[in-house]
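Shared between the two complexes below is chain A, which has chain B as its partner in the first and chain C in the second.
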Partner chain A sequence: MGLTIAVGIKWVPNQQAVRFDERTGTLIREGVTSIVNPHDLDAVELALRIRDRYGGKVVALSMSPPSAVKGLEHVIGMGVDEGVLISDRAFAGADTLATSYVISSALRRLGGFDLALFGQETIDSSTAHIPAQVAGWLGLPYLYYATEVELDGSGRKVIVKRMLEDRAEWYELDMPAVLGVAMKSQLPRPVKLSNKLRLREENPIRTWSNAELKLDQRCVGLRGSPTIVAKSTWTPEVPRRRQILEGTPEEAARKLVEALFREGVLR
Partner chain B sequence: MSLAQKRKSKRVDCATVCPEWGCRQPGEHEGIWVVGEVEGGAISEPSLQMLTPARMVANKLGTFVEGVLLGGDEGALRAAASEMIKRGADRATVIAGRELSEYAPPAFAGAIAALAAERRPDVILLSATMRGREIAPYVASLLRAGITADCTQFDVDEDSGDLFMIRPPFAAIMLAYIKTPTRRPQIATARPNVFPVPPRDEARDGPVEVRPASSYVRAPPGMRLLRSEALRRDEVPLEKAEYVVAGGRGVGTKEGFAALEELARTLGGVVAGSRRAVDLGLVPHERQVGQTGKSVRPKLYIAVGISGAAQHVMGIREAGTVVAINIDRDAPIFRSADYGIVADWRDVIPALIREISARRTSPGKGT
Partner chain C sequence: MHMRFDVVVVGAGPAGAAAAYAAASGGLKVLLVERGRGAGSKQVYGGKVYSHYLEEALGDLKGAPIERWVGKERLSIVDDAGRTATLEYEGGSTRAFTAHLTKLAAWLVDRAASAGAVFVDEVRVDSLRRDPSGRFSGVEAGGELVEADVIIDAEGVNRLLLERAGLVERASTRDLALGVKEVVRIGEKEVEERFGLDKGEGLSWILVGGVTGGLPGGAFVYTNKDTVSLGLVLYVDAAARAIEEPVHSMIEKLRTHPALHRYWADGDVVEYAAKLTPESGYRYMPRRLVADGLMVAGDAAGMLLNLGYTFRGVDYAVYSGYMAGRAAIAARDRGGPTEENLRELYEEPLRRSRPFRDLWRLRGVERAMEGGDRYFRRYPALMGAALRSMFELGESTPSIYEALRGAAEESGISIIGALVDALMMARSI
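== the complex of A and B ==
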């Protein structure tokens, strides 16, 4: 018995290493490694804590190219019980609607879960779409910016604390439910060698391609994505005066303060 | 053909569309919706800001702007609807009733989707406030429609009448023109402060239709609010601040940010930071400026030890005067600044505090 907690993780380029080509405006991919989206580790940590307290298992899912198996290995190292790599050429090029459609199909295939946790957003696109879209496809209650989760007495509902900018709120949700876990709300635990050993002994990672999910080609990947990039342009520059105030720091500061008072910016 | 004709004659081949999602003809959709958020009984400023692009797009497409408001308090919603009309909407629909008196995302998003399924708007715009970000994607998946987050501009494709939802993509420092040619409604969000609040026109008037929440919230949302606790806030929210002193990795330490705090206090403003500063734990995420943080529109923005990455300066496009303080003369931030000081912030910040304080105690001094 116990809970089945699904947690979604995304394999993203390591932002610390990302550089742009200033001439062409494109990303320099050379030498850029990938990592588990750091905000997803908050979701993994919260899932593990819920499991440790109430029992059950945590299953991590990642819709990514095959290299993301490293990401699943990482979270299994943290203590996640099972991993599912959702990977198929047909899923490539998906926008958030087509991605969330595949993820929700995979969640259905899991055959029942109590909670599905996601990082609030990814560092590479920051749309924060996926948790709500998954909830929408599955018709489930959901909440964003979750920081704490407890089971109520009946064991069929969760009490979720979430933080908005000006207030804290507590909601009660029927399970199954979907949560976006607030960024930096948890302290993700380190990888343990004993967990990593399970990878060799138990083979806890499955791969599902579209042979398993059996989704119509028109609903997935590029073809299933309603949004397309039609063209791109340079960001128009905001005209600024670009006036460097020369002199010692004291002189420059004086010139600046004078100008700001003169222009009515300061009073 | 006029743009309106092009738009109305737009058809898709339903054989190409995901059968499970249903096929709706784009040409049968009309109107630009702005979903209005009501906070403490009044329409929120970010919602009013969305009327700026809505009006522009509606004028180009030859269609109307409609405010859509949801909640429990019909009186407040009607007042909010009339405010939206005075600021550029042509009409408004209010969904009011007990079912929406307490905020539950599936109920609010579900009601918007149900109304959209009935009325078939061409476009739905929402502000990407914390709640807007929570609701918009659920609406999109219920309607099996595309959604584009955090747009910084909107325009219209003259060839098709499709909406261009313009935003910086991850993989470039350029702007991507995104559209959803085969599905409607076209759903998009923009972060607060990216657009200005349109001026109020007392003379504007338009119909406000009130519909019962019970017709649009068909199932209980499966969740309820237990309690809510206001957080003590002693600072002005970043979006509202007139003076912003932002620090980056170049400021580097807590002590450095304490100096920025002092300057902010002298100015009567607040401290913010770059994403690197947030990553270093020097500023909370809600005070991050930029593409994945906030857009600000203060009178004065002082960037200290910030290099001026495209993703950062995106957030200060609407700032009045921009000042950059950086030790590196070649730092890109100077291209996005009105005034630049090339020096170590440790020498500049105390001098600025002294100069401003001196000015204020003896206003006759100087030029």
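== the complex of A and C ==
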């Protein structure tokens, strides 16, 4: 029968492709493609390894606008078995509380799972809230910075290794359990042609809107989000001066060091 | 999983998409493989596309992501001092449109998929496989093999697969040009007001001379719906020599050029892209366009015309890809895609076709465009100086001949030499 492993992925703007307009001093977001949050790919890889070792299936869920189908297609290309796009206008503008509420409702709707894996955090908001909150909504054990997962002999418990700065720890958790997977802990596998062909033949992606999830409108989206961004500040912008230092490399280096002392950068 | 198709097409650019469309329309089981995410995602953005061969291949352009139909053509010669002479043509009938190549490729792939082709992206083909008899029998991607009766290679200008299969030599920098390009958003109304265009009308503008800092190549400006595409095409050898000035700073110079800047002032740069292109399609062409079980189409086949003032890559790619797709169907009804059959059904008709004959006929012009300094620096200087003495009058009024002679002396060009060049150029055209 095997395990059912859910993995959450977020569709985020590719920040490496976001360029800076030197003239207006703003970020150029237009034409910037979105990608699967890179840290979520660690979770996908770990989920696939667990499945490959113990059998079962991996289901990827993404609460995102419809364009995130491309992200689900990518992880199915990696070997994920099924995808669920959770998409509804009503879910837009959500903070982490409202988001984790929707995701945990979707996990419930899956009809039973053994493990739910998430990336450690996202590159576009870095809160790391979602897995913890999902575990909270579902009342399940939760561990973060997970790097390795093994089943114990009974098949109802997992042994999870997590890496901290100065030590490794092993925990025993009852299943179902929720894990935040340590960023950069896995090497996500490439997309395979046969997986993409299966995607085209079987179309294993479902879309759930609020018509399926039937959540109270007051608890989702902007209305269900108590978080308020009270204030944000930017680090001051230091204009570049583009000075060219003449002379031999040694002379130029000396001038550079002198200039840095003058500016108080070096003391 | 055993994977087998009648046709595997490598590359979902205009050539590959058209090939997949044609083959799938004839009932073949087609796989179209693209390494980028989505069709055309690895391609350079906006440009100008001639519609004739697209309409011929696809029947119609319904739903095509056309930005504007080109109703106005401009050709400018700019000298190093920024003096500009412009020839403008309008009032004719429109034969070309501007489009973002990524969107156009995606639209073509949709057509192919509606015709039944299976499209797979994010998968790079690593090699073309041959069976023991030497026949091309499939492609290998990430350690997996897909078998095919026939492969259509539409991998574009950087044809690593053909190189690896020993069918072409490694490209020399002398055969390649580098295109860099920016898209600037100024708004729909501004596009029309600033370039003097009617509603929905497009402009295609080619500039040579001072815009490339005297390097062989040219600059282009195309208007899209609410953006302007501007860019440079530089011969790679020259671009490499210009290392003191990186190409991205050259395009910055183009954008801030005193004679041009006002067209897109206050605009936002929304795209930046750079890509190689064959300098001369004819010279880039592989010796053979077919082998047992294989056809080559599009840029990979050298189907691209670059005359400096005219650039035909997308429409020729669609044309050759479409022909390859049709040939796959005809070959099946004729005992299979043997080298002989494919030569008769694809290579020979292609060599007899109008685009191919034009490539051959115009190969001299492409060569002349490499004339370097003369065409890209000294003649613009001659023109700038002559027009200055004709139009910037003070004490005296020179005749056209005097203006030319004075300008020739000033720019160090002999009029006889210039006439000989003009004649040579005229003959090669």
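Definition applied: the second predicted complex is superposed on the first by the 220 of 267 C-alpha atoms of A that agree within 3 Å, B and C clash if a C-alpha of one lies under 4 Å from a C-alpha of the other, contacts with A are read in each partner's own complex, and residues count from 1 in each chain.
Rule of thumb we're sticking to: a residue touches a chain if its C-beta (ideal position, glycine included) is under 8 Å from a C-beta of that chain, and two chains touch if they have at least 3 such contacts.
The model shown is predicted, which means the values in this text are computed figures rather than measured ones.
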Partner chain(s) touched by A:Ser194 [first = chain B, second = chain C, both, neither]: second
Chain B versus chain C as contact partner of A:Gly77, first or second or both or neither: second
Contacts of A:Thr33 with chain B and chain C, given as first, second, both or neither: second
First (chain B), second (chain C), both or neither touched by A:Thr127: first
Partner chain(s) touched by A:Leu222 [first = chain B, second = chain C, both, neither]: neither
Of chain C and chain B, partner touching more chain A residues: B
Common interface positions of chain A, toward chain B and toward chain C: none
Sites on chain A touched by chain C in the complex: 19, 21, 24, 28, 30-31, 33, 70, 73-74, 77, 190-194, 196-198, 200
Chain C to chain A touching residues, read off their complex: 1, 3, 31, 33, 37-38, 41, 118-123, 141-142, 144, 146, 183, 185, 268-272
Chain B contact footprint on chain A (complex, rising order): 20, 22, 25-27, 95-97, 100-101, 121, 123-137, 140-145, 159, 164-174, 177, 180, 183-184, 216, 218-219, 224-235, 237-238, 240-245, 249-250, 252-254, 256-263, 265-266
In the complex with chain A, residue positions of chain B that touch it: 16-21, 104-106, 109, 130-131, 133-142, 144-150, 157, 162, 164-165, 168-183, 221-231, 233, 237, 267, 285-286, 291-292, 299-300, 310, 314, 317, 320-323, 329, 334-344, 347-348, 351-352, 354-356, 359, 366-367
